[in-house]
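Input: structures, listed below.
Each of the two complexes below includes subunit A, the first together with subunit B, the second together with subunit C.
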Partner chain A sequence: MNPSETLVPTIATSAPLVLRNVTQRFGKHTALRNVSLEIPAGRIVGLLGRNGAGKTTLLHIASGMLLPTDGTCATLGAPSGLLDTPQLTRLGLVQQEGRCLEWMTIRQHLDFNASFYPRWDRDLERRVIEALEVDPKRKIVQLSPGDRQKVGILLGVCHRPSLLLLDEPMSALDPIVRKRLLDFLLELLRDDGCTVVISSHILNDVEKIVDWIVALDAGEIVEDSAFDVLQESYAEWTLTSINGVLPTAFAEPFVINHQGDGRQALLRVRTADAAAAARFAAAHHVEIRTRPLNLDEMFPLITSQKRKTS
Partner chain B sequence: MNARAYFCILRPVWTLVIASFYTWGIGFYVWKICAGTPMPESTYLSLVLIGPFLFGTVLLGPLHEVMHRGFFPMVPGARLALRRWHLGAVAITAVILFSAAQFPSFQLPRVATLGLILAGLTLPLLNNRKSTASAWILKSGGFVAVCAFLALPSRTLLIDVGNQMPWFVLFAGVVCAVSCFRYGFDASRVRERSRRPQAVFCLQTILPIPGTGYSDILRHLQTENARYADVKKVGKLGRDWTTEVVGTSLFDWVRVIHHARFGAVSHARTVITFFLVGFLPVFPIGLVQFIFSGLIMEKGISFVEFCGQLADSGRFGMDQGRTAEFFFGMVPFLGFFFVTLAGVVSIGARFPFPISRRCRADAVFIEMIRLGTLAWLGYGAVLFVSVIAAGLIAGHLLDIGYFGRPLVGALIVPPLALIYLAILHFVARIRWLMSVGGLVAVLSVLQIVIVSVGALVGKLGSAGFLRHVDISGALIAPLGLLAWFVVTVLSLALLRLAVIRHYKKCDLANPFPWAKAFYPGA
Partner chain C sequence: MPPLLSIDHHNGVPAYRQIMDQLKLQIATGLLAPGAELPSTRALSAELALNPMTVSKAYGLLEHDGVLERRRGQTLIVSERSATAQQTAKLDPLRQQLNAAAHLARQLDVSPAQAIKLFRELLDS
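Then we have the complex of A and B:
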């Protein structure tokens, strides 16, 4: 039976993207394992994970390009396998290696795609072309990988989608264009209330715009939290011993990572308890200097959680 | 989707050019030559059977090209819009072909004509393009099937059915058209297409016309398909390099280059592979010959008689008509193709080996010669085995004379292939030639020359005055062998010079960027 036939035609939820117990297998390999996720409207979600964690598979399922082996996925209120014109006109997807019609010029391709979208915004198209520094007269086959990525972005956003799925949209872009793209995404969110799911390894850029983090590891969700909550809970503590030698290990469960010699130590911790540092200092007779972690530093800690627990 | 968008992807002018060329250039003439049917019947059947199939293919190509792009399933209503426009295009083409089919003096009832045209136009929708090879097999297979169907007595059957049950033919045509449309535009199949990693390009895109950017497209196609092929190769058994240390000698690096391209495959296995692969085209040639030459032109011939003719054709001066000309003209060309393919395939390894350009050129040259020789041996075996098998089936007592023309067919291949490969290397260095499409012209001319040489050898071999001349004996005599050896060594030296000069300046990451376009296995 076609997996889409097992889905209910409409799913009563206001969230633009809902996954329930989604599993995706490719032969013996399981790319996603029992993933459940609900992304509310108007949120910019950073989808993180190491290579092969299942990010692209998740986005392909969300966009209806791939039907899940098990479980259900609802995109813009409809089962992702049954997405039709009402949903697709509100959905944008920028693919990691999206292939276009190479013989066309950028202008021809934009016109071709525009003919399918009643809400195609020519003014927005012009502004994005300027921001991304694209020459519409050039043939796609003659473009560099970065320029092709820009074409993919143009095709994905100019119809003002309500849900925008971005799969590594910035991997081949230079820092200036990346910044312009991020500004543009924020503008899209401000103007249209667009929900954005962005998968990227350039975490310094991602953290400037995301307000929610979903992290995958080996096909399972290991983190699904607000970004500011993560920022408050992850920290780096620099310990200096007041008297005596520091222990080689700490038993506190919130200590994720520990490096150091007998006098000084560097701990990476995760705790939402504001008083934890004070209690820890008192218990171990140490002075603590705390520093919040950025997303780049948090990433290995987040993605290694599952491996540690297992 | 508006008309402008549809015509933008269809490119009507090129579609018309290709379709016209196909219908008249291939459909009509091949049909006329192969089957020898009267002109009105040929024209009519070209218009209602071969024409629609080819027109359908050409109309559908650009649509498949769009469907095989990742963005397609995300475009709202695109599948249904394309279906609508294709339906319109099919309807208009059907009307044109139907009108044109009224002119020849040979006619089936109009109702049957329409049914045949509809079926032919929509059959290409069954092409899933799961791989480039399967797409071509379906296209050419469909074409050959139609030709064979018409060449065999089934043609009469078709004409009888068309005359006696025209409404049944129309009904069958409509059912076929509806089923093909449902299959070709099915939502899940369309989604599946967009996820396939290999690039799909239609003829309208890769037409070698200066100014259309086709050389860029061709390069892109090669890169994409090379990447796809590399992905498929990963995990193939026997590709693991053993832990033995690579020495500094040239032959060590020949082994490395061979392994990088083919994995741990023994030479014996390579010869057997070439031998088996060599049979693939020889059997259809024999079959086609048997069907067309045997059944149609020389009616009443049995298979044993046919094998006898084939074996006899191995002797010089034995004029067995088209059988000999075709077999011994075509077979050296195929041998040539195999040997050059082996040569081009051996240079496909695109790795940054830690050796100098000169060393790499030498290693590639040796690998090319080694693989080409294996291909030649494998192919030569095919040639001789074919004649022996034909002789045994016919009950002939074979002597050395039977192998005269196979021997010439085999001996002519190495010098031709070496010179051809040398020219390829010289031409590959001329960048401007590639950009203006000159490469296609050069290669086409070269191929035509080679085919002509093959045909000439085939024709000459059957000349009556040669019957009493002991050519095979002269070839095997020391002087004959020496002459052949000198020519081959000179060709070899030319190739070596070409390879060394090519590797002096070529892009080592992609030494033959366009090889894939002409040699699918490269």
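Then we have the complex of A and C:
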């Protein structure tokens, strides 16, 4: 028996990914600071954050490629540093710049990978090849960045993983191929109840499929909420003064930012209280037109919470 | 024929909310009659390329509100009483639209009489 197995506390949850107080340091740099996170099965999580926020580090820890400096990570029920065949065959990882065996053809690489996985699905493989417009006869070494990403996706999903970690999987893909990729992710979710964590800056795509948002800022978790709750909390208010001049600032804590002059103002707010606008309007003698924010507009408000306060 | 729904993923309104609003509107306008069957969560989420959780949340809330009901087995149908309920609630979406128009009218300093005259003209056209 591996002695370290007895040292790791058992984690009493069926959630496929659980991080407890995870800190990751690289020399003097702290990439993740005291991150705790629990992702239940069947969820599609959008992992958001600015460059360098710690997204890739988190996914590397989840897949066992990195051991956290501090804290624990359980992936598919096992400590992520001790993942063995039963867990590894159920884990899918698509990396930003995945390494492939350069001298192989795509076909050979698929066959090579398939030999490790009892659940490798040839029919899914065929359909993904077709949908992503991949030519299996080509050698990996000759591929463009976009084609490399497609191979990374093929190698990450064809064994029908129960936990799929995607790190910027579509930055080099065109919109048509991206749409097909999203459809496949939804299919895996419908058919297998696959849990997906996707890190991407293409927020228009993210908002089509995710039901949960986890955001990192400077190595810390700044958001861990249902996506529709965020959609119903963030809004833009256009204020028009009814009589008199608008104040230059508002003290309400839900006002995140404010621009405007004496007559009109534009606020970005976060409040789950549906009556907040009416109360605000009465208190400040203003008319308010509200509009919900999309993920592109929420992103700077969500991911800069740490920078702003620190 | 399944209800035709159009989801805008980029307007900031949660997709479950858009499904609920559109189904209610279709019931209010009679496009969906009482007793009409709705596609399964799975089928509708596949059709709209949506996360199944989104569809089941919309269905769950509509069922809770009595707009839909579950028949023996699993099939969801438009409930008998929801048609009358949606008829009485049909001013809601109109109120929403007119609220924005009223706001604009005040900003533009259009008098109530002028605004009502315009609305009448539009109704008659």
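What we mean here is this: the second predicted complex is superposed on the first by the 299 of 310 C-alpha atoms of A that agree within 3 Å, B and C clash if a C-alpha of one lies under 4 Å from a C-alpha of the other, contacts with A are read in each partner's own complex, and residues count from 1 in each chain.
Note that in this section a contact is a pair of C-beta atoms (placed from the backbone, for glycine too) under 8 Å apart; a residue touches a chain by one contact, two chains touch by 3 or more.
Since the structure is predicted, the reported quantities are computational estimates derived from the model, not experimental observations.
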Subunit B versus subunit C as contact partner of A:Asn113, first or second or both or neither: first
First, second, both or neither for A:Phe26, with subunit B first and subunit C second: neither
First (subunit B), second (subunit C), both or neither touched by A:Asn294: second
Which of subunit B and subunit C A:Asn204 touches, first, second, both or neither: second
First (subunit B), second (subunit C), both or neither touched by A:Leu101: first
Contacts of A:Ile44 with subunit B and subunit C, given as first, second, both or neither: second
Set of subunit A residues, in rising order, touched by both subunit B and subunit C: none
Contact footprint of subunit C on subunit A as seen in their complex: 42-44, 182-183, 186-187, 189-190, 204, 207-211, 227-228, 231-232, 234-235, 240, 287, 289, 291-294, 296-297
Subunit B to subunit A touching residues, read off their complex: 1-2, 4-5, 8-9, 65-66, 69-71, 73-78, 81, 188, 191, 194-195, 199, 201, 205, 212-213, 216-217, 220, 224
Touching residues on subunit A, where the partner in the complex is subunit B: 2, 60, 63-66, 84-85, 87-89, 91-93, 95, 97-104, 108, 111-113, 115-117, 139, 141-142, 152, 155
Interface residues, subunit C side, partner subunit A - complex: 9-17, 42, 45-46, 49-54, 57, 100, 103, 106-107
